[in-house]
Amino acid sequence: MNSFGNQFRITTFGESHGAAIGVIVDGCPAGLEIDEDFIQLELNRRKPGQSKITTQRKEADQFKILSGTINGKATGTPIAIVIENEDQRSKDYSHIEHVFRPSHADYTYQVKYGLRDHRGGGRSSARETAARVAAGAIAKLLLMQHDITVQAYVSQVGNIVAPDYKRLDLTKTEDNIVRCPDAATAEKMIALIDSIRLQRDTIGGIVTGVITNPVVGLGEPVFDKLHATLGYAMLGINAVKGFEYGSGFSGVTIKGSEHNDAFYADGEKIKTKTNHSGGVQGGISNGEDIYFNVAFKPVATIMQDQETVNDQGEAAIVSGKGRHDPCVVPRAVPIVEAMAALVMADMVLLARTNKI
Amino acid sequence: MNSFGNQFRITTFGESHGAAIGVIVDGCPAGLEIDEDFIQLELNRRKPGQSKITTQRKEADQFKILSGTINGKATGTPIAIVIENEDQRSKDYSHIEHVFRPSHADYTYQVKYGLRDHRGGGRSSARETAARVAAGAIAKLLLMQHDITVQAYVSQVGNIVAPDYKRLDLTKTEDNIVRCPDAATAEKMIALIDSIRLQRDTIGGIVTGVITNPVVGLGEPVFDKLHATLGYAMLGINAVKGFEYGSGFSGVTIKGSEHNDAFYADGEKIKTKTNHSGGVQGGISNGEDIYFNVAFKPVATIMQDQETVNDQGEAAIVSGKGRHDPCVVPRAVPIVEAMAALVMADMVLLARTNKI
Amino acid sequence: MNSFGNQFRITTFGESHGAAIGVIVDGCPAGLEIDEDFIQLELNRRKPGQSKITTQRKEADQFKILSGTINGKATGTPIAIVIENEDQRSKDYSHIEHVFRPSHADYTYQVKYGLRDHRGGGRSSARETAARVAAGAIAKLLLMQHDITVQAYVSQVGNIVAPDYKRLDLTKTEDNIVRCPDAATAEKMIALIDSIRLQRDTIGGIVTGVITNPVVGLGEPVFDKLHATLGYAMLGINAVKGFEYGSGFSGVTIKGSEHNDAFYADGEKIKTKTNHSGGVQGGISNGEDIYFNVAFKPVATIMQDQETVNDQGEAAIVSGKGRHDPCVVPRAVPIVEAMAALVMADMVLLARTNKI
Amino acid sequence: MNSFGNQFRITTFGESHGAAIGVIVDGCPAGLEIDEDFIQLELNRRKPGQSKITTQRKEADQFKILSGTINGKATGTPIAIVIENEDQRSKDYSHIEHVFRPSHADYTYQVKYGLRDHRGGGRSSARETAARVAAGAIAKLLLMQHDITVQAYVSQVGNIVAPDYKRLDLTKTEDNIVRCPDAATAEKMIALIDSIRLQRDTIGGIVTGVITNPVVGLGEPVFDKLHATLGYAMLGINAVKGFEYGSGFSGVTIKGSEHNDAFYADGEKIKTKTNHSGGVQGGISNGEDIYFNVAFKPVATIMQDQETVNDQGEAAIVSGKGRHDPCVVPRAVPIVEAMAALVMADMVLLARTNKI
């Protein structure tokens, strides 16, 4: 099913080269001001053609709200958003109508459904994430009412790693085209992506998300732990291979006596001295920063000949055509933020029913 | 909510020191033979008191099926399983009735719900996972009908790392108490855990899961990608800090030209030469092995004095009492398998509606 | 939430006077031929302005499919359908911006949400049901694959009652504007509605649904009984006040010895001699005709002055403006069919997981 | 699936002659006092053997809470309730192991699942409703916090009809064994049931539900209209054939000018002069009494020989054995209340997310 969330729930639709993509946002509380300029700004951060290190494909990604608002405010009914597909060069894909691109979804879709929309990857195209970004913008507007901030940035490209998030000024994320708030690191990342692009190859990276000022008490204890739902959200983004929060994978080598986060009282507030927990304990937010890493693989489409098979099982050669990203992480930043915002908005609403 | 899954759906209940824990398995197809001996064997693999490197607490973890079977077969109605709590020393927990243990769920539960069951961590206790193991055993029985195998083992404890899964014989996982199929590595792991235990400390580790012979076509394209659902399942296990599948976090440093898995025809079958994809492409199984890593933090309960605050916000000292695991991963192996089996069973059923 | 169904699930959006209404159909099995002409025919049966006894408002109700098909076949991904709003006379509604129409949703929406889209009733308008009819047409296409037929007709208007469905030829339903297959009764119904219309008043009626050739075994035993889900579907249609199936309310006066449906063998098939059960036993279809009645109240908008209050709690007078139906049942027939088809399509898919 | 509700959600399990039946109540807000005496009182109202006009089968229906409470208060975690089966005479059912009882679920279960628990009807037994009554008692406790009252009574048995609910004193419902608050009508109903019982036959009836003092704004606009959810809940009760609310089926013969409920201001409150709407407008509560009728068919088990077939399709004769109700409505009263309370509790929680 193509829905995400419980009380703040989205349902997306659309293929890369169909008439349009879009999303229904259901459960948005009535009275929320729906700032359309803000939604467009968020979409612009994700759209193709932004810079030399992203795909040169052009899509305006202009959205239209079909329902659910009046006088700029949410009415409590479903908010339907449509983004028309524009710069389609479906012919760029005729060569893969009967051939399976390596590490793409062509083969698995074909077997699962018995047919597929091969143009631009159809539903498996990252284009679908524009719908999530639009919905995520509305989630962010709701979170702003609760003073919760969701931010993300590029923390790694290939082997180039940015400093820890606490040493960064996240307001600088948009200052460069790779979306790494550390200027020196950003420069190296851009150079790497550019050189990879010239090699007609691709490279992966890591996006780090940071949620500040969360209410204490968000998240459900067992299956819908806050971090489990965040992880589920992130792993549902195209090309993601891993998720960790707080100390993450590096936490396995630390002893409990060092890993535990000691509580202390800061006036009325209870805080922790360290934050290996990543702001989540027992699956529930404890008020500290929630931070997490999302690993993206190198983009599968490369401008090189690759061995594969066609839908008759015969050996074939395929090479990338069209216009593709050499590295997905700069454009993935707003997607990570959107999915995190959707999780948090849902958890904020769910938490209203915790107590009598 | 305390449910997991769509068509094969479980709902768990129970606290560490209440009358019982248990699970309802809903959607189990009628006619499946419910092998009770097998369920008990799975529970035995998780239960406390198995060896010197696990908690010495004793629980028989004997289960009782209350409904949903006749003559040993599933009837298609809910299968309710109850496991009574036995070896409860609730007094071991009176010292934390008003004190928040560091990196536990005490504080967050208290704020979220306004009250909490402090005995043994209540609902946040890993005891709840016994219910999942029982349900997971039924999922495994269903998967056996489809010749799908779900296995897990300990691949890392602290800094001690086992060889890659392809070089291991997973039938040997149960040959030692740490559940690492490589005997030499297992020995080192056991020694490390034992020394950590003597330091009254704890250590983390990694459990690797491997699913062999999956049907092609399992998983839903967008949010419920097969790996996203697996990740969600794993991150919902107590103490888990990260999840990666296939090339995972290490995949970010590999170029696309190396990372892509070339297709080839093996008779009737289409296979891939490498498997960086971890058996999942576009969120859907491609028939190759599905493999993934699950990172567990060090257990939060340590037998040392730690600084904290009480529920009045006053500084306090707390030290672990009772009987706890110095390292959670050996007992986590069957839990990882259970959660993976639940995901796969659900996906197998969901896939029945893909096509007309 | 604005979704309906489990495996065959729709989500509708849209207000009467917004940009558009529409629906996402999720879970439609891949490979189904999506006959767009058929969808339009179904929409035409519901659209306003069909005859003298329906509203004179004109809406072409032309739909557009935005996603989910290729070469006329479902791909297994969400099918998004949009119907633009056209003949909007929002000014017809300015008189009710601050006044609550009796027996409409104005007051309850205002209190629930704190604001409302007053134009044409906003989300509460029956216009939303066009989206359901479009989705229901796809459900019907799926049911045709299983030789299941869903039909409805007008069986009562005011006190004028048609003969029992078994004595009717349901292929004649579309032969007259009131959609009653019995010509003599239809004539009386039309005369009644016309006279009511001239009185500037409205009248209610009953739509009877008949599902023939259902597979045995559809429906879930406890909460999602087949008839409970049908009833839930019907009661979710605007203006519906009651639902009964099989013997229904009249069954309460019959003794068990007369009410029970005796089984007999008809060759390989097991049938029942009578069908007070309405084709459903224990919540599950038994293969006999499923038949049910849906009661619709008189339309709330009447062309007469009525006492009410405004949003300041002051006494006010309101009278219907715009173009409204004097009786809703003729246009409700395709809506009843659509909702029944959606239920049956979902149950057909769910039943694929009953057994191993 | 065997779950009901969204935020206040129950999952029931259990067969008539298995080890136990029970329910998990998930989403109960923390801090609610769980009055166990009240739960038992509610169960006692439903249990068999209460009087001469109900089955003589004896079940103590004593429940046990396994989880989810501490010091008598809900902790916000799942409340599991188990009721053991006691007075089982499974041999009473050996004669139907291979024979399908007319108008029972035997045949449909057999086809749907390929096997069935024939003892006492297995899952299709009304015994399952005890679990709902226990859960409904908790829902009632939550509703009491909001001063919402849910009541039901027997308004019709066969052709004997009680006066309208507004002319009745519902505090007298428990004064007689048939649960009709009008003493004179009750006497006639009891006499009728007794005579039917002596004829070894059964008879149906109607239970009327009345919800007083509902908050304005409960219910979701489209599919989950308050009355649609109530109808779905009622139609999910065994033996129910119909549901109507407000004017119901009789509303179809009334003109709009008479049927509409005029608003007026009563001090600060907005009320309606009449209540044909049954307290629900546009699917949302308007603060007036919510009232509805639930039609129950005659019990299918009669103490007479009936024609049927066996599981080989051969003609057979079957007669009721065991101890059964000649009329189900007296014991259905607490079940109707329980299901209505579950709906209302869920809607109360859902309404917390309507607005920012």
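Every chain is named by a letter (A, B, C and D) in the order it is written, and numbering of its residues begins at 1.
Assume a residue touches a chain if its C-beta (ideal position, glycine included) is under 8 Å from a C-beta of that chain, and two chains touch if they have at least 3 such contacts.
Quick caveat: nothing in here was measured; it's all calculated off a predicted structure.
Common neighbours of subunit A and subunit D (chains touching each): B, C. With centres computed as the average of Cα coordinates, no chain lies farther from subunit D than A. Distance between subunit A and subunit C, defined via averaged C-alpha coordinates, is recorded as 39 Å. In terms of their C-alpha centroids, the spacing between subunit A and subunit B amounts to 26 Å. For this pair, subunit B with subunit C, the centres built from the Cα atoms lie 46 Å apart. For subunit B, residues touching at least two other chains, in rising order: 1-3, 12, 27, 30-31, 76-77, 112-114, 123, 221, 354-355.
Residue ranges on subunit C touching subunit B, taken from their complex, read 7, 27, 29-32, 76-77, 142, 145, 221, 349-350, 352-356.
On subunit A, the positions that touch subunit C within their shared complex are 1-3, 9, 11-15, 18-22, 24, 26-27, 30-31, 64-68, 70, 73, 75-80, 82, 112-117, 122-123.
The part of subunit C that touches subunit D in the complex is made up of residues 1-4, 6, 12, 100, 102-109, 111-114, 123-124, 128, 156-159, 196, 199, 201-206, 216-217, 219-225, 227-229, 231-233, 235-236, 241-249, 251-257, 259-265, 268, 270, 272, 276-278, 281-286, 293, 295-302, 304, 306-309, 313-315, 351, 354-355.
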